[in-house]
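Some structures are shown below for you to check.
Same chain, two partners: chain A is paired with chain B first, then with chain C.
After this line comes the complex of A and B, so read on.
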C-alpha cells in the first residue's frame, strides 16, 4: 500500500472560467459536419434544425466563430470538388443538365447551411468583416466548379454553340439556357459579364458581320431591312427569354452596327430599291422600317433626311423648270400640291411626324419653288381657278377650305410674297368685277388666311376692294331710287373703285354709244352731287353688257364686254363696217379692239359678226358684216373675250417692273428705320438688316439696296462718313 | 383540417400555441423563420407542427407577444440584457429595437437613459452611431456604446487628446487626435467600433512627403470622401481629403490668406451645393470665420467673419454654426445668452459654449443645461429638454433616431428618444 502523503496545500490562482469540455469544438463541429453531409446527400429529413442552430450558436458564443468559419469553408470546398468531378464526367449534351442539377443541389444545401449558421452571420461576420456564409458558398462554387479548367471553357462554348444553333433555326432547350445564365448572374454581374456576355457579344458580332455580308449581296434594300428587323426582334426575344435584361441594349448595338451602321450608305443608295426608290413608289412600310431601324444608328436619321431633301429638291427642280409644265399654271400648282401631299404623308406615316424631317421637307420645297420666279403668279392663278369655279366635284366650303390651306402652305415657301400679292390683287379684281366669285365666304376666308400669315398691311387694299363693291351696291340703289319713272332706256350698274386699291391702269375712255352715255352722265351727276370733290373716270376696258339682238327671226340676248357692246351698237345703223371705221368710232385701243373683234367674229358658234376676209387674225384692212345667219340653241349667248389667262411676256415684264417699283419705297423705309435707331452703320450690316426685315415679303436684291442707299444720300437722309467711307450716318 | 397552420412550441418546458402566420412575421432570415421553413420540415406530416426550443420561456413569451402585436412589453423581472440576448438568439434584436422607440421627433422626446461616465468631466464630444449607439470622446480615449447602451471595448489613443470622432458606418469609427508636443502621433485613424482595433491611419503628404499634423474636425460627403481640418507643423494649414474606401489622400485645400481653415472646429458637407462648410469659431480663434469651399476648383465660394460686427460686448462672438437643411442658410449662435456660466469659468478652462444641430426641419440649440427645440419655417421654440443634473451640456448630437447630450460636470450623457405612439 502506498500511504497517501499529505500534500502541502498550494495556493493556486482562481480559475475564473470553468473550462468547458476541451473537446467542445470538435464534438460540435462533427455534429455540423455530419449534418452538412446529410444535407448534400438529400437526407436532411432526420435533422433537427433547433439542435444544429443551437450548436452553432454555442460555438460562436464561445468565441469559436473564426474556427467554425474556416472549417465550414474547408467542408464546402470538399463537397464542391466532388460535384465538380461529376459535372466534368457528364457527356456531351448532358453537361449543362448535370451542371444545372448540381447547382440546384448546392443552392438548396447552402440555404440550409446558412439557416444553421444564421447566428454567425449576424454577429461574427460583421465584426470580422468576412463574407457571409451564402455569398461565400457562391464564391466557392464559382472558383471550384464554374471556373475550373475543365468546365470553364466547355461551359462558354456550349452556351454559344446552342445560341448559334438557335440562330440557324434549330429548337434548343431554352429553359436550360435560362437556368444556366441565371446561375451566372447569381454568381455576380461580373461573372455573367466576363464568362458569358462578352464572348457572346464577340461571337454575335462575327455572326452578323458574315450574315450581313451575304445578305447584302443577294437582297434588295427592303428585304435586307426586313431581315435586320427580324434579327433584332429575335435577339430581343432571346434576351428576354434567357439573358440579363441589361444585355438587350448591348446585343442590339452589335446588330445595329454589323447589320445597319456598316452598310448604311450602300443600303440607302441601292439602285432600284434604295431610299429614293422607296420615296418615289410610296413604300410606306419599307420607309417606316428604315426610320425605326436607323433610329439608334449614328447619323442614321440625318442621312435619311438629307437624302430625302436632295431628292425632293431634285425632282422639284425638274417640276418647276420643265417648260412643258409652265403652260398650265393650275396643273403646275396642282402638281406641287400633290408632291407636298405625297411627302407629307411619308413623313407622317413613315417618319412618325419627326419635326426635323418636316423641317427638311419645308426647306427643300422652299428651295425649289423659288427657283421659278413665276411661282407666285401661278399660285395666285391656282387660287383664282379654285375660287372662280369652285372646287371640282364637291364644291362645299370645307373642301375649298382644305385647298386654300394647302395653297397657303405653298405661299409660305414663297420668297417674293409681294409679287404674289400683286397677282392676287389683279386676279381678285377680275373675279370681283366680273362677278365670277363662286363664294364670297371663300374669298374672305382666303383674305383672313393671308392676313394671319402676313399681317394687316398685306391685305388692307384687298379688303378695301370688298368695301368698294359693297358701297357701290348702296350707291346704285340710291341712284335708281332717285331716277323714278323713265325706265325705257338701258340700265347701268356702276362699280365705284377707289383709285389705288385696285389694279387699274389709266386708260383712254372709249366712245360710249349715246344710249349709254346718257344714263352714265346721269349717274355721274348723281354721284358727284352726293360726294363732293371726287373725280370719276370710266374704266371702259373692264365692264360688260347684256344686249338684245335680232338675227333674222331669232332673238338672242348677248352677254358681251363694254368694248364689244360699243362695237355691236355701231351695227344698229349699218350692216357693214371696216376695221378703221370701228376704230375711229369707238376709240378703243387697237390691241383691245383686235381682241374684241376676234371674239365677235372668229369664234365658232359665237360669231355674231362676219369678217372679210375670213382668217384668224384681225388686220387693219378687214371689213365686218352683221351676221344675220347667226344661230344658237341658247337664247342667252355669252361672248367671251379672247384673253390670255396667263400673262403674256410683255405683261409679265410690266408686272415685274411694278413690283420692283413698289419695293423701292419699302427698302428705303427699312433703311431709314434701321439707320434711325443705329445712327451709324456699315454697308454690309445695312444689307443684312434690311434683308432680315423684309424677308417676310420678299428677298431684296443687294444691288437694289445699294441704289436705294445712294438715292437716300442724294436726298440727304444719310451721308457717308468723312473718314471711313464704308460707314453711313443718319442725318436727322 | 382544424389545426391547419397551428404551431405548438415547447420552449424550455413551457408550451406555446401559435400560428405559422404569427411566426412568419419574424421573417425568413430569423431562427423561427428558418425552423418553420419547408426545407427543414421535409419529414413532418400532419397538420399540427410540434417544435422544441431549448431557451428561456419567459423571454420567449415577450418576444412572441412582440410578433403578435408589434408592441414590446417587458415584465420588470426580466433584465434588459437577458431579453436582448434572447432576441439576438432568435434574430429579433432589430425588431426589439424598432419597437422601443419611434422616428425621431424633437417635440416628443423622452429621456430614455442617463449613462454615467467614468472619467472626470472633460468630455470633448458625443457622436451618434447609425444604429442608435454612440461614442464619447474623453481625453485620450473614445468610449463606445452599442444601441443597448452597453459599453464596448473603448478606443485608446495613449493619451493623445481626441479632437473629434465620427462613425463612417455602424462598425467603423474615425478618430481625430491631437499631436502631443515632441511626438508625431497625431492624425486621423479608423477603428473598429466593435473591437476597438485600429484599421487604418490616414496620412497627409505635402510635396510627396508624409507629414504629421493635428486634425481638428471631421466630415463626410455622400461619395464617402473624408474631410478633416489639418494643422501641419510647417504652416501646412488647410483641409485634407481622403477616399473613405481606399483610405488614400485625394486632395488638400491649402488655406488661402485670410481664411482660417486649418483650425476649423466644425466641418459640414452640403450635398445640395456640393460644398463643404468650414467654421473656425471663437474661442479657438479670436473671431469666428465661416466659409463654403468648393473642392472641385479649390474655390472659396462664400465666407463670413464676425470681425466687423460691433464688438461692444466681447462675448458676443458666434461660437457655433450649422448649415440649415435647405442648404441655403447658416445658423450661428453666440454666447451672450449663456452669460450665467461665467461662474463656472472659475472651475474649468473649457466653458460649455452653446451648440447647434438640425434634424428633419427642426433646429436644436444647447444653452447651459437645456436644449431648446425650434420647429417650423419661423423656427418657433416648441420644446425644451432638461435632463439629468449633470451640469451644463458641453456637446450634443442627433443620429440613429436618438439625441445624445453630454454633460460637463458629472460626465453623464443623456439619451433622448421618441417613444412609440400610444395604442389608443
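After this line comes the complex of A and C, so read on.
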C-alpha cells in the first residue's frame, strides 16, 4: 500500500467543451413558430402540449427568454396583420361578424400560447418587467386590428350606425353588439371609453337634440314627457343588453339634458298642456311622470315647486278676493278646503308626499288666506255651520271629526289667530245660548284641538262658557224647587253668564212685558239671595221665547227672540200699532227693532204681522197690524233665530278696533318680558323678538311696537341709552 | 361732607370778608388751592366768572320781586323783573336766565333758585344783569349749552304734575328756540303737528327732536327708517314726502 496523502475529491467543470448546438434557438423557435401557426389555423389538436412546453422551458433555461419574447411578438404581429386584412375585406354587415370571429380565434390562441410559455411568464417576465404574454397579445390586437386605420373608424361607425337604426325602430343583432363591446372592455376600460363610449355619447347627444326639437314642435307637454320616459327606458335597456353598466348613468344624463333640461321652461310653461294645466285638471299621471323625470334634472324640482307655488297663490288670491265668493262665508271656506284637498292629493299621489312640496304648498296657502282679513271670521262661521247642523249627509262623529281636522289646517295658516278667537267666542256664545249645537261632544273636540294648537290661554274662557251653562241648569232647578204659589205665569229658563268669559255686548234698553217682568224679578231675588254681592243684567238681545198665538181659529206656537216677544205682546191689547208707538213702548234700539220687525212682517210664511205699506224696508212711518190671516202647515213656527251671520261693515270695524286694542297690552307685556331678561337691547332686535313671541296669535305691526315702546318710556319702564339712541335700557 | 376743622372755617370766613364772595365760592377757591389762603386769592381773581356778588344785595333784590305772602317769585314778580330788565317776557334770554337758576317752573322762582342763579351768573343788581344780557343771549349759540337749555326747557315749560308738554306750549318753545338756531324745517314741523297730531308731546319725542335736527339734513337724505326715531318723527318724514317738501330716493 502507498503511504500517499489522502486526496479530497474536487468537483471540477468538464474540461472538455460541451458542444452547445448553435442552432439550438432557431430549432426550438421553429417548433414553436409552426405550432402557433397550426393553432391559428384551428389545427391545435395534433400538437403535443408537453413537448412544446418543454421546448419553451429549455429556451428560457438557456437564457433565451428575451429573444423568445421578441420572436413571439413578431410572430403574433404577423398573424394579426393577416387577420386584420380578412376583417377589412369583410363586406357590410359581415364586418362585425368577421371581427368577432377573429377575436375569438385570437383569444383561444393566446390562451394556448400562454400555457405553452407559462414558464417564461413566471420567471423571465417578472424579472425583466415585460408585459405577460396574454396581456401583450391583447395589446397587439388592440393596436394592430382594432386601431388599425382601416378598421378603427369603420368599427365605431358601424356600432353607432346600428345603435341609430335600433333607435329608429329597427331590430339589430344585439348579441353581436354585446360581444363587440365586451371585446373593447377586455382591451381595457380606457379603450372602451375612448373608442366607443365617448363617440356614443356625443352622437346620442345630437340625436336627442334633434329628436327633442322635433317632438316639442309636434307634441303637447304630456305626450312629450311620455316620449322622453320611453326613450330613457329604451336607453337603459340598451345599456343593460350590450354595454358596460357604467354607461347607464352617462347616457341617462345625456337624455336628461337634451330632452328635459334644455326644454324645461318651455315644457312647463306650455299653454294648455304645461304644468299649470296639469294642476288645474288633476292630471295625476302626467304629474307623476313629470316629477319622476325631473328628479335628476338640475333645478327640476325647484322649478316645479315654485311654479306650483305661484299658481296656487294666484288662484288662491282670486278665491279670497272675488266678491261673489265673499257673499257666503261657508261656501268661501268650503272652497278653500276643496282647494287644499285637491293639492294634498296631488302632492301625495304625484309628488310622493315630498316634504319640500308640501312646505311650498303650505307657504302659498298661508300667503293668500291672509290676503283677506275676513278669513278668520269666515272660518269661524264655517265651524259654526258645521257644529250647528252637523255635516250634511252622514252626520256622525267621525265625519265631523275629519272636517274639523281639515279646518284646523286652515286655522294654522291664519296670521291673525286672535281675530279668529274673538269671532269664535261670539259664534260659540250664540250657539250655546240658542241651544243650537248639534253635538256637545263635537264642540268639546273642537276646543281640544284649539287648545292643542294654541295653548290653554286660548280656550280657558271658552271652556268656562260651558261651565256657566251647566251651573245655570242647576240654578234653574233650585229656583223652581223653591218657587211656591203661582205656577200659572210664564216659565222662564235663565242662563247666567259670567262677564268676561262671554263676548261683551253693549247693554241695550228693552221694556219687558209685565208678565215676564214679574217672574224675572222673582228669579233675580232668588239668585241674589244665594249669591251675595253679584250683579245681574238681563241681556235682552240674546234670549228667545215660545208664545202661544191664536190666529182666527188656528193655534200656533211661535218661537221668537226676546225682542220679538216684546213687540208681539203689545198686540194683546190692540190690533194696530205704528212704528213709533212700538219703538216707544219697547224702548228697543232702532237698528235692532227694525230688523226684528222685518222678520215678523216681511218674511213669507212667517208674517204674523202685516205691514203697511208692504215694502221690504221698515220706515218710521210704517204701521203694523196683527195678521189674523196668518197660516202655516206647522203648529210650531220658528221666527228669527239668532243665527250667527257675517258682520255688517260697521260691526266689522268695531270688532277690528277691539282686536287692535287688545293687542296693545299683549305687545307691551312682550316688550317688558324681553327687556327684563335682556336689560339692554337695540330697537330692531326688540321688534324681531316681539314678533317671534306673538306670532302664534298675530303678526304685530312694527309701528305699533314702536308706539308701545315710547309709551313705556313715558311711564319710565324703559329709557333710551344716552350715547346710542337706538339702544333701550330696562329700568328696574 | 363739609366737616371743616377750626382752621379751615377761619380761612373761609377770612376769604369771604376780604373778597365779599359767598361761602360756596370761598369753599371752591380754597379747595382748589389746597387750603392755602394766598393761593385761593390768586385762584379767585383769575376766574372771570366768579365775579364779586354781594349776598346782601341779592337778598334785597329777591325781596323786591317776591310775593307778599309766599316765599316765591311768581308771575307778577317775574313780569316786574322783565320790565326792570327792559326785556319782553317772551324773550329767549329769560329762558337762559331760568336755566342758570335751574328754575323748576316757568315764571316761578324760589329764593334758592333766584339767589344761586344770579350768583352763578355773577351779578347782584339789575344794572349788572342788564349788562350781561347780550352775553347770556349768546349762550344759545354754543352747542353744548344749547343742548342743556333745550332739554331744560321741557320740564320748565310743563304744567306742574304733568308728564307731557301741551302741544301749543311745545310749538311756542320750539319756535323760540329755533329762532336763534336756524332749522329750515321748523315751520313744516309746527304745521305738521297742528294738522296731524293733536296730542301732548312726550319727553322722549322732545329730546329726540333735537337729535333729529342736529344729525339729519333738511333734505332727509341721511334719514334712516330703521333709526329707531320716535313714531311722530317717522310720521313727519312721511308728511314731508307726501307733500313734496323733500325728494327721497327709496
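Following the convention adopted for this analysis, the second predicted complex is superposed on the first by the 622 of 732 C-alpha atoms of A that agree within 3 Å, B and C clash if a C-alpha of one lies under 4 Å from a C-alpha of the other, contacts with A are read in each partner's own complex, and residues count from 1 in each chain.
We take it that a contact is a pair of C-beta atoms (placed from the backbone, for glycine too) under 8 Å apart; a residue touches a chain by one contact, two chains touch by 3 or more.
Fair warning: this is a prediction, and the values are worked out from it, not measured in the lab.
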**Request:** Determine, under the contact definition given at the top, whether A:682 touches first (chain B), second (chain C), both, or neither.
**Result:** second
**Message:** For A:713, using the defined touch cut-off, is the partner it touches chain B, chain C, both, or neither? Pick first, second, both or neither.
**Reply:** second
**Asked** Which partner does A:636 reach: the first (chain B), the second (chain C), both, or neither?
**Response** neither
**Message:** Output check: A:45 vs chain B and chain C. Expected answer is one of first, second, both, neither. What do you get?
**Reply:** first
**Request:** Quick one: name whichever of chain B and chain C touches more residues of chain A.
**Result:** B
**Request:** Please work out whether A:726 is in contact with chain B alone, chain C alone, both, or neither, and reply first, second, both or neither.
**Result:** second
**Request:** Answer with first, second, both or neither: which of chain B and chain C does A:165 touch in the superposed model?
**Result:** neither
**Asked** For A:534, is the partner it touches chain B (first), chain C (second), both, or none of the two (neither)?
**Response** neither
**Common interface residues of chain A - those touching chain B in one complex and chain C in the other** = none
**Message:** Help me check something: in the complex, which residues belonging to chain A touch chain B?
**Reply:** 44-47, 49-50, 53-54, 57, 108, 111-112, 115, 118-119, 122-123, 126-127, 129
**Footprint of chain A on chain C - complex, ascending** = 163-164, 202-205, 208, 211, 226-228, 230-231, 234
**Asked** For chain A, which residues count as touching chain C in their complex?
**Response** 682-684, 703, 706-707, 710, 713-714, 720, 725-726
**Request:** Can you check the complex and tell me which residues of chain B touch chain A?
**Result:** 29-31, 34-35, 37, 39-40, 42-43, 51-54, 88-89, 91, 170-171, 192, 194-195
